[in-house]
Structure formats: structure tokens, C-alpha cells
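The same chain A turns up in both complexes below, where it pairs with chain B and then with chain C.
Entry: the complex of A and B
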């Protein structure tokens, strides 16, 4: 019994211990604007609900003054690619991609929506004195209104 | 702190599950079956037995023949659980296998189906008089444990979302002997606690019917007592009988 226990422990170790002890959490690229007032932890577990809720609110109730919009998400969370331009969800390193692949959750947003920010926002992002977080927030606010 | 406790709990539970089940299976394998007792009508060839066992394992054939209601709930539960378990592979593989990714949405429905089947089986224990009479506390315990696991799992999907990335980080970490933080949310802690309890008591519970089925002589034996003499291992070491009836090995 004791020997069996020891053997199992050793086998267990051999099987699993070979893997590298490295950072397991996926890379979450930094956003360009101000942080969410609700906090990142809240957003991590609730973002899908906020988006879904907005969709229903807009489509079924015709309410266009919703608090969140996917346009803002992809703008503020734009990740610049090798050419310095924001990349789409099909490219490696897109904000949504790492976590969604890690969790095996399919994103269907971008079958219709654009995963890159608008051209105006890209222009703002590429401006030579880089825009401050407040400027970006101001732009996003405008986008909302 | 609590994460470390859960990590230790899962190491212990995994070892107990594997070693305990292994020892039970060894015991089953070594238990002599001195008599030829296949339940008739039984197949008369090895291939036939394999087919019958296949139907038994995948379709619960004998249950289908004996009680349709229990069969419906049993099938709902077992296949629901199968899909749910496969869906959970995403927490233990990185990168996630393509077919695991594919079944993700179906696994959610399977969660409901599994709980539905379990509730049916629980209702049977309570509602059917003669079943209630023969039901032991452990019969209820298994059902309640599994229902608890299913309900907390579903509630994390629909009522109180959790950071599943942290959960995956925790389990990938365990597989690499590093302890990471679990999200400190009641859903996760209850769900994982119940799973650990289930893993620990699995080898000493009625859930051993899963490996046990493969060692049931009434299902695994070939009905060829007329053609061959059935000998258990200890009996074949005895002196030969005068009349030489061939044994199964064709001696």
C-alpha cells in the first residue's frame, strides 16, 4: 500500500513536473485610455453581460443612449501592430484574443462589428504628441453622444 | 491561504481517486469467478460479449429492458455529465484542443440536462415507495453531491460569474506544481469543494459501478459452457480430472 502510494506520487511528478513553471495567465494588453470606473476585475467577469444587455436595450427597446458600446471597447483597447496601426481580432495580440483563446470562448461580436477602432480614432492615436488618457476619454465620450 | 488549502485538497483528492480506484480495480480483477454465470440470453463468442458490453456501456441496454423511466433519467444524466466533463477539459489543456472548443456551447445545455436527469433519479428515490424503502443515506448523498456540483456550476455560468481565467491558471498551476490564486468567490469554492469530496469518496462509493461493470462475470463471460470446461485460476492448478474436457484455452 505504502509502495503503491510512493510509486503513484513519483509517476505523478514525472508526468507533470516536466512542464515549465511560467506565467500561466494570458497576456492582457494595456488599454490606451483611463481605467474603467467599475474596475478591471468587474469587467473581466461581466463585460459580456454589459454588451449583451446593450444589444437588447438598443435592438428591442430602441434605446440608443446606452452606457457602453463595442466601439468604445475596441477604441480604448486598441493594440498597435508591427506597422503601428491598430490590429484586428484575426491578428495575434488583439486585446480580446489571448483570454478568449485561453478560456476557449468564441467571440461572435466581430462577425458583424469591426474589431478595429474608427479611422478618426486611429488618427488620434497616431498623432505625434501622443494623446493623453483624458483626451482619449473625451473622444470616447463624444463617440457615445 | 485558502488557495493553498484547495491546492493541497486537490492533490490529496487526486491521489486518493487514482490509487483508490486502482486498488479497487485490482481487487476486482483478482476476485475469482469460479462459476460460469453469464446472464442469458448471452453471446456465445468473445466478439459477441464485446458487442453486448459495448451496448451496455454506451446505451445501458439492461436498464432499458428493465425500467424505461430510470433509463431515461440515467441516460440524460450520464451523457449530460460526459459532455460537461469534456467541456471542462478547457481548464486543463493549453492550448485548448479544437474539439473541446467546438463542444463548449453544447456543454452548457448538457449541464441542464445532467441536473434534470439527477433530479429525476432523486425524485424516484423519494416518490417510488419501494425504492424509498431500500434507499440508503449514501444513495441520497451521491445524488445530492452531483446535484450540488451541477447547480453551483450552472450558477457560475448564469448568476454569479467568476474569473475563469484564474480558475484555469490555478489548475494549470497544480499540474506544474505551482500554487496560484483561486478567485475567492463562493461559487468557485463550493463547486470545487464538492468536486474534491466526490473525488475522495469515489473509490469507496457506489460510483465504482463504472469500472465494476467491466468485471461483472454475469456480463463479461462467454456462454460456452457446453463447448469448454470453465476453470478458475486456482482450479486449473489442481490435478487433471480423468475425463479430458477441453478448457477455454483449448487445452
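Entry: the complex of A and C
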């Protein structure tokens, strides 16, 4: 009986532990466009390296047709606020802010870059009926060229 | 991740752009060594829009510029998202400004826009301690704000007072013109438009008013409109005595 109680206690503790651990993770909002072909796990680890590589290519070589640009990040990962408009990094729930606050890593990007998508993209996002992921991908592709 | 070599002057084959190169299948050589081990070799240079054979420049006909017109300044402000409200004259951004000149002897008055002169030998690049101030291979002088520490040495070195410092936090920047507190900024010759085959916003705004005082083009191309105009009419680069060879030239000054 004692042993059964101990097992139950351990199992309950494990359950509680996992439940708490899950609750600790940041709530990552879903992007509006198609998922990254590289997979989210890859992007979570490597997004900053990819962006830094392409930003130097754009800045110094003038190559605007790059795969990873902050313009596309903030567009595809736009999170709608209470007014239904995309929110800035200063507001709670912004895609970048959610994880970075959790990891306690300061983002420097938005000291210069806008954390909200263009008005054009916002208009597409607010459209009724809502745009499909493919339509959004097509728009982002156009943005590049 | 390896960073790309900056300002490489290597010339890529003219008839083969990156897309065609990749389409041809010759670009990526994949060698499979075993399960899960793949070697990939990427051939060719990264496609770049900044062309080392070009030198972008402006020709401003001072006679056609009206002193009561501010269209180029407004056009730049709208395009690049800097405010021209005149609230803090000492710290307001100065990407482009109108300057009125009067000749003391003859009394002739002229008006003209002044912006970064995109020098061939830019003093701002010479003095920059971090390499943030740089000249692209096509002659456009820029500030890489990722590297800029805001020391403002370039502002002192510039004989044209073309650069300004961002003193306050900025929000809602234009996606094509990121700007932020603690960095130096100046005219970019609307590099985001030029890279896509367009012309700077000031030139477009000037043309819309009908004054046609500004001309944009490739100074290295003898067939370009600007080269032909420079060949036909006399023009001056500002402070020619400094031998900086500015990319912005003025005629009828």
C-alpha cells in the first residue's frame, strides 16, 4: 500500500512537473504565411545568422533578392492586436518579443527597423475574406523583386 | 555562417545571371557521401545589384530650380520617412535641403538642392573608425547602421554638411529606410529604388513639378542621358578644389 502511494505520488509529481514546464514556454503566435521549408526548429536556432548574412549582402552588394529579410519576417509573423491591426514590438504578444523576452535576449533590430509590416501588407491582412497562406507568400515574393 | 566578401570587384559573366545559373543545374554540385552526409558546393558569385562598372550620379540644372519650390525635399521626406516639421532646427535630419545663393557682385540669385554629393573620394569614409561609412562599388556612399557607433566623425569630415545624427528614438520607419537613434544618416541616393532600376525620389518629385532640374543616371555610360548632358554643357562639382570628384554635379551655377 505504501509502495502504491509512493508511485502515485511520483507519477502525480511528474505530471505536475511537465504541466508546469509546458506553461513556462513562451506562447508563440502562428505566422500568417506558409511555414519555413527549413522547419521551425532550424529557424529558431539559426534565424539571426541567416538574417545577418543577407543583410550584409543587401547593404554592401545591393542584392535585394535575398531569402531572409526582416521586411518579410515582420510581415509573415504579424500578430493582430486588439484593434485588429498588426502590433509593434513594444506591445505584448509581438512574435519576436514573445521568445526574446523568454530567452532574455535583447533585440537590436527594431531600434532602426520597423517592427510592423507595410501599410500595403496590413491592407492585405485585413482584407475580407482573409488572404490564404499562398496569397501571402506570393505577396512576399513580390516584395523581394 | 560565413559572411560574404564585401565590395568584391570580381566580374561575373554578363550573359549569365544567378537565376539562369541555378536553372542550368551547374551551380550546385551535390555529393552524397553516405546516409545523412551531403556535401554541397555552390559555384559562382552571389548575384549583386551593385555593379562595379557603374557610377551613379546626379546633374542639377540650377537655372531650372525655383527658389519657392520644395518638391525634392518633400519627396525625399515622404520616401525615406524623416520628418521635416522644423520643430528642432538644431537636431532635425538633413538628408536634402534647399540652398539659396546670391552673387555679391552681380546680384544673381540661384536656388538649388544640396544632399550627399556621393564623392569618389569620400572624406566620411576615410575617417570612419568602424567601417560603417562606406562607398558601394557603383559609387553610392552609405552608412551601415549595423556598424555605426554614432561618433559623428564623418559629419565633421564632410565638407557639404550632408550628414545628420539621429538624436531621438524613431518609430514607424519606412521599411526601405531603416533609421534609429545613435546613428548617422544621409541621402542614400534612394539606393533601394536604384537597385530595382528606379530613380531617386527627389528626381521623380522634381520632374512631377515640371521643372526638370534634376537628372539621374550612370556617369560611366557614355550613352546615358546624364553623360551626354555633361558632355554638352559646362558643370561644376561643389568644392572642386578638394578633388573629391562628387557624383552630384551642378550646371549654370
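Observations
Convention: the second predicted complex is superposed on the first by the 123 of 145 C-alpha atoms of A that agree within 3 Å, B and C clash if a C-alpha of one lies under 4 Å from a C-alpha of the other, contacts with A are read in each partner's own complex, and residues count from 1 in each chain.
What we mean here is this: a residue touches a chain if its C-beta (ideal position, glycine included) is under 8 Å from a C-beta of that chain, and two chains touch if they have at least 3 such contacts.
None of the values given here were measured: they were computed from a predicted structure.
By the touch criterion stated above, A:49 is placed in contact with chain B and with chain C alike.
With both structures placed on the common chain, the touch criterion links A:88 to chain C but leaves chain B unconnected. Once the two complexes are overlaid on the shared chain, A:106 sits against chain B while remaining clear of chain C. When the two structures are aligned on the shared chain, A:57 is found in touch with chain C, with no touch to chain B. Of the two partner chains, chain B is the only one touched by A:25; chain C is not.
Once both structures are placed on chain A, chain A residues 46, 49 are touched by chain B and, in the other complex, by chain C. Considering their complex, residues 1, 4-5, 8-9, 12-13, 16-17, 19-21, 24-26, 41, 44-46, 49, 99, 101-106 of chain A touch chain B. The touching residues of chain A, when paired with chain C in their complex, are 46, 49-50, 52-53, 55-57, 59-65, 71, 88, 111-114, 116, 118, 145.
Residues of chain B touching chain A in their complex: 14-15, 18-19, 22-23, 90, 94-96, 100-101, 104-105, 161-166, 168-169, 172-173, 175-178, 180.
Of all residues in chain C, only 1-4, 6-8, 46-50, 134, 136, 138, 142, 144-146, 169-175, 178-183, 191-192, 195-196 touch chain A in the complex they form.
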